[in-house]
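When the chains are written out, they are named A, B, C and D in that same order, and each has its own residue count from 1.
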Amino acid sequence: MSDLPFLLLMIAVPAVGAAVVAALPRGRDQLARQVALGVSLLVLVLAVLAAVAFDTAGERFQLTSSWTWIADFGVSFALGVDGIALVMLLLIGVLVPVVIGASWQDDAAGIGDVATDKRSMKAYFAWLLLLEAMMVGVFAATDVFLFYVFFEAMLVPMYFIIGSFGGPRRQYAAVKFFLYSLVGGLIMLAAVIGLYVVSNSQLGEGTFAFDALRGLEIDPGVQKLLFLGFFIAFAIKAPLVPFHTWLPDSGSEAPIGGAVLLVGVLDKVGTFGFLRYCLPLFPDASRFFAPYVLVLAVAGILYAALLAMGQSDMKRLVAYTSISHFGFIALGIFAFTTEAATGAVLYMVNHGIATGLLFLVVGMLIARGRSRQIGDYGGVAAKAPLLAGVFLVAGLASLALPGTNSFVSEFLVLIGSFPTQPVFTILATAGIILAALYILLMYQRTMHGPPRGVLLQEDPAEPLPAGGGATATLAAPTRSLRVLDLDRRELAVVAPLVALIIVLGVYPQPLLGLIEPAVSATMSDLGGTAR
Amino acid sequence: MIEAPDLSLAALAPLLFIFGAACVGVLVEAFWPRDTRHPVQVSVALVGTVGALVCTLLLAGSREITAGGALAVDGAGLFLQATIAGLGALSLLLFAERSLDPARSAFVTSAAVPAGSPRDRELLTSTRVQTEVYPLASFAIGGMMLFTAANDLLIMFVALEVLSLPLYLISGMARRRRLLSQEAAVKYFLLGAFASAFFLYGLALVYGATGSVRFSDIRSASLADGTDILLVLGLALLVVGLLFKASVAPFHTWTPDVYQGAPTPVTAFMAACTKVAAFGAILRLLYVAFGTAEWTWRPLVYGVAIVSMIVGAVLGLTQTDLKRMLAYSSIAHAGFLLTGVIGLGAGGEGSGLAATMFYLLAYGLTTLGAFAVLTLIRVGDGEATHLSQWAGLASRSPLVAAVMALFLLALAGIPLTAGFTGKFAVFRAAIEEGAWPLALVALLASAVAAFFYLRVIVLMYFSSPAADGPTVGVPGLPTTIVLAITATATVALGIVPGSVLDVAEQAAIFVG
Amino acid sequence: MTLTYYLVLAAILFTIGAVGVLVRRNAIVVFMCIELMLNSVNLTLVTFARATGTVDGQIMAFFVMVVAAAEVVVGLAIIMSIYRTRRSASVDDANLLKY
Amino acid sequence: MSETLPADGLLGLSWLLIALPLAGAAVLLLGGRRTDRWGHLLGTATVVAAFVLAVACTFQLAGLEERSAEVELFTFISTGELDVRAGLLYDPLSAVFVLLITGVGSLIHIYSIGYMAHDPARRRFFAYLNLFVAAMLLLVLGNSFVALYVGWEGVGLASYLLIAFWYTRPAAATAAKKAFIMNRVGDVGLALAIFVMFAQLGTTSYAGVFGAVGTLAGGTVTALGLLLLLGACGKSGQFPLQAWLPDAMEGPTPVSALIHAATMVTAGVYLIARCAPIYDETPTARAAVLAVGAVTLLIGAIAGCAYDDIKKVLAYSTVSQIGYMFLAVGLGPAGYVAGLAHLLAHGFFKAGLFLGAGSVMHAMNDSVDMRRFGGLWNKLPITFATFGLGYLALIGFPFLSGYFTKDAIIEAALDRGDVWGWVLGGVAVLGAGLTAFYMTRLMLMTFFGRARWEDGVHPHEAPSVMTAPMIVLAVGSVGAGFLLVSAFPLSGWLEPVFGEPEEAAHVVAPLTVGLVVTAVMALGVLAAWLFVGRREVPVTAPVRVSPVTRAARHALYADAVNESLFMRPGQWLTRALVFVDNRGVDGAVNGLAATLGGSSSRLGRAQTGFVRTYALGMLGGAVLVAGALLAVTAG
């Protein structure tokens, strides 16, 4: 059983699934949905089995397999996971079925907030599955070249998801997303090649195998350049301030499912990259640049939190909160302690769940009100208590309330960073006040107060009272406005995430047990913790 | 007693094949009845190119200098000849497509008839086809193959003319928009001749400096006295002539105009094959003849590479005509190719040669495919090359849009396409030679260039189709074959490039 | 009399030809200027042949002439066709393709 | 610190104390409308059960030699050097709090059955209350600072949910948010304190920290003390974070009674008392606690004098009384027991007062404006009686609970024996006078004088499910002080925590103190009668008042300060940053794109279409190339 090539299957299954879904005849949307859901659940099962097969006391990289791919470049199709990658795979496994479930509805509201009359639903599911395959590949690759290939190729499905199924400014957002990531990726490509060249001169044979590259002794000057090459790509992906402005646009224009995967998983590649590639491969450069990175991280925490408060568009707001959270993750990684880095990895998972849920409920709200403007809502809790409740849970998880999963990770990041970086940690801790502010402000404005705004409009054709300009192209909902609260399907979609938020908030130790060995190995690559 | 030069007929077989086919084509043009001439011409030309391709493949591994030292038969030359022959054959298939244009050909029936005259209007609707293009193209292909094999400057010059003259002619033979086509031909001709003059003057100066035009002699002379002003000036002028053919900025100005005006199959032919031939000649000239004076021209190539990438990428941003956009893309790609030239390293031991050759093959296939898609999208009688006409193509014809998107992504260098493998190879070569700033500029330029490729995808996929949009022609067998081969190759060279890279690696040898 | 004078003369001719290409409008004249450039090269070649005492340069000059002749054939054909359409041989009139 | 042993027997089940109300909350929240009919009963039952268990546990604890027991539950977070176990510590201090929470909690749950009977969302109310009880119990039972922190923020959440219980009222929603945010400010302090502990000591458990705190540098301990104080201030509504507590009165009155009077707001006192080993090492931080207590005591008392809203007066009274407790625990070993005794007594009488106020509001159609009350004593006899007893206890009427506990604090302050002892004692006495004044004013305006009711108000006594808890609390108000100070001295019970109470040399004889305080109290009552009781109360508040009154009405401008120092600049900053981000950061990127596009069109102009221009370009290029090559060769 444990001999199964789990990782290869996790890439191949959704890829084949995508092809199957794409090949279905037009109009068979229901079948496409079912196939997509089935495939994504299968991937989840595989991920869980892989986690079961993983031995926390064993080798760092497990479930490894390797095939020569491009011999001339020294490239192998090498897969393997450590604890860090494994938890990300689990996250992918959980989020994709949830996203597919959330996009189940026939009408436009099911996918996003825009009319999708001309677009075929099956294309959406095909892209989602392809994206899943790419995401698995990024985390499972143990060959830097292979990582890079997935890193870039991943852009394509997301580009189409945003561009074809997004909001009114989807074209702008899609191109912006693609170009930002591409610029970063290309700079990284230069560094990847540089790394290869170094390996060529030191090992006598160029290689991209992570384990071999880890053993290189790179000249500090070269290290700095290579570090920057990788770092910029990851900083754009993560994103850190000031490379962040693509995310609010992409996050707000993407269909909800795309947005969830974008901030939930895709952006984690950036922080994952810091930990997997920047630190172990360029330890000296990492130390050299750490103060600067920490400045970016902490500035991002505070800056993005303040910006989140200033947003009137809910999806943009959530996107900004994510930027703030990515600051925490970066802080945890560049504090160079096992506790903080473990916390950062857990943060990556938890943020995927919490912000994923937040995006989902925001999407469900938007599907009802056809507006992304906070000002168009008010008093929703009175009409849709379940929706409000789930919204609150997501919000509380986002502000890292104890008892929710995010608390554990944020706490770990901060407590782990404090010994080495007290000043930055104190500043970052102030960010938790801002987190409470932006979440509660949004919650109060939308859910509390007397019912008002778009939800009171009986006739969907009537123009909206506020924000009409921006919402003019939003699709008319097909469901009755009277049915405001979450229905069974929506509950089924959010329930797993809510459950995970609570369970991981109370008992995170299994995940920590998976993560810690890999983090310790990273820290020892770095030359021991800096304490 | 004059000694007859040694002629290794076997080694010359590819050239003999294609030139023979071209000559037969001329005879067919003269004597074969008009109504069945077209299939015969197509067959002859295809036999020539495919035969040449097969010959080069059979010759793989041989290394010799023949024809009195005028021709080099070596791995690199054969690889490039094979590339040219293969791409040439595909281009000829595009020439032969008869089901897209209502008048059953992309070429004007009688180039001599003034555009817009009553006779011209009459011929416009006739189904008489122009068949002179096939022997002309065959000659051009032969010239290109000769170009990459030339081992002395004179042969190189002759090959340059042999490849150029037919191209001048056939770029003026478009059936639709003849004014543009003729203008393109005039511009191409005048500027091409102008560039030839530079090349020739360079040749003369090098001859004066070294007393020979043989590469090996130049090599030893430049080794002895690399700083001879005459020699350096000669090199400069030779390079100018070659950079012109390769459409490297600042010698690129003709490219957009000619690419736009020429009949699309011809543009495809030029973009794919001429590029290969020109770079073959550049590589050979720089590494065989001037390899020992590498330090003189390296900064120059470095510089023009940067200029070319930036000019191509930046100017491409605001283009509204697809053919013109692809022309600027070709200028940018010329810059990327030059990074591979830099990556050859001193004496050509670097991986740059193999990388450049692979890149040429990948780029040629991709760009040929892109132009082939262009021929499908038609409005009225002509091709719809304006960007706005492509809006919403994906909902009208998903397959065509998908294929085009594939080519565009490959041109942008997205992984899992041939374009990425090629870029990776040349950038690796450049960085290995320490030219990482150049590679960095190249990467940033490709990010800029990606914008205009993406714009087309945005239009095709994310925009709603215009009411009076273009129609998507159903390609006949030739175009279908071209599209199938180029698309498959674009994907295959992206996913499993190993064997082709191996071949390029083994072939990366110059004799001389 | 040194051979340098010949070379300088050839260079001057080449320059005149190049400048002619830049300043003349009539396509035929432009083309003739290019021919002038080619012939200045011939002069150079012949001079160098003399200097090195070989005949290679002179033979090459013949090659150049042949090629130039071929170029004339092609060039005039092209120019004629555009002239017949436009009733003008000015290169400036052919200005549809730009930017 | 005494030794602690793994718990067995009932104490081993003390996790049920938390689990029971938590389960109640879960059932009520997840069960949905199905549980509407019996939800309130379940909610009450869990808390009562917890109370019974708590009593039993406490008896077992009393029987233990060490009077301390730890329950290890599971590993919460363990990575690197950090090892946080979820565990409970049942010792005399937590036992006191557990009894208070579950005891008063049970009473208030019972009361709420009646108070919320007509609210459609009663089930949700009980769910939140249960959640609160669970979090609060975790706060006091946790055996590490992390567990405390979890409970700490948990009660913050419950407080948020309950203040915003009537969320359709914007004021309630805003007050809830304000409470949460200001609490978070304090939480940052607590969190940072935990970080310091981990950084310096490598542990966060009480045992580990308190055992090693002596090894720390003085500055570090002071920092710890101040950070913990910040946390305590946030939770307990102490200066400078006091402004949220009066606003929190937007919540239903039982919430005010339980959370914002009896239990949650005293968590700060618990924290400082729990951290006695830390404060023992740092006189500076202890002085800060004193200062905070003294200042808050006065602010609360002054503001309490001016409000007309019955709940706000009680709220400021709470602020003020907690100031007393801070003052007490800031005094060090001499004051811990006094402070905690006052805390417990306050728990009784203030909860009773709030429930009484709730009963009054219940009778007056939910009005809280005392100017529209008056003459209610005979309409609401039980309420009047219980409220009156609570009132007397609060102002320190001789031999009621406030008398014992407050006097103890004042004595302890004076016992310092230095100038500051006199200052603090003086402040405390002054506060006692003010307390007497505002509470008498409240009594007079509410129960005496002419009825100034609005139309359609027909006061009636509350049902017995509400009055019964009030009676119990009134009894407690009367007896608690005597019981805790004299009959079953708290100091003895808490000995394992705070050590042997030392017999202080009294600076001023206790009897003298008692007399002085009583006299000052009497003055306060008299003043209230002179200003309020003697004259007719206008139904609208007078506009032309002295600056002092105006300041008091605005709670000494705390909100204004917050607004102008934090809120406004914050809003401006946010707006400015949004501009910067859109125009500056994003603008730079878009500007770069625009620049590229612009240069593209500009460069494109060079592509004129003229052959001559192209030829010129080529010639120029050729010259450049030749020049470059020559330059390279020459150079």
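In the analysis below, contacts are C-beta pairs under 8 Å (C-beta built on N, C-alpha and C of every residue); 3 or more make two chains touch, one makes a residue touch a chain.
According to UniProt, the chain labels map to these proteins: A = NADH dehydrogenase subunit M; B = NADH-quinone oxidoreductase subunit N; C = NADH-quinone oxidoreductase subunit K; D = NADH dehydrogenase subunit L.
Note that the structure is predicted; figures quoted are calculated from it, not measured.
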item	value
Centre-most chain [mean C-alpha coordinates]	A
Farthest-lying chain, centroid of Cα atoms versus that of chain D	C
Distance from the mean Cα position of chain C to that of chain B, given in whole angstrom	25
Separation of mean Cα positions, chain C and chain A [Å, integer]	64
Whole-Å separation of chain centres (CA-atom averages), chain A against chain D	37
Separation of mean Cα positions, chain D and chain B [Å, integer]	78
Chain B residues counted as touching two or more neighbouring chains	186-187, 190, 194, 256-257, 451
Multi-chain contact sites of chain D, meaning residues that touch two or more partners	604, 607, 609, 611, 615
Contacts with 2+ other chains: residues of chain C	18, 21, 30, 91, 94-98
Pairs of chains in contact (touch as defined earlier), listed by label	A-B, A-D, B-C, B-D, C-D
Contact footprint of chain D on chain C as seen in their complex	18, 21-23, 25, 30, 91-92, 94-99
Contacting residues of chain C [partner chain B, same complex]	7, 14, 17-18, 21, 27, 30-31, 34, 37-38, 40-41, 44-45, 47-48, 51-52, 54, 56-57, 60, 63-64, 67, 70-71, 74-75, 77-79, 81-82, 84-86, 91, 94-98
In the complex with chain B, residue positions of chain A that touch it	68-73, 118, 148-150, 152-153, 155-156, 159-160, 163-164, 170-171, 174-175, 178-179, 182-183, 186-187, 189-190, 193-194, 196-197, 200, 225
Residues of chain D that touch chain B when the two form their complex	593, 596-597, 599-601, 603-604, 607, 609, 611, 613-615, 617-618, 620-622, 624-626, 628-630, 632-634
Footprint of chain C on chain B - complex, ascending	111-112, 114-117, 154, 157-158, 161, 165, 168-169, 172, 178-180, 182-187, 189-190, 193-194, 196-197, 200-201, 203-205, 207-208, 211-213, 256-257, 260-261
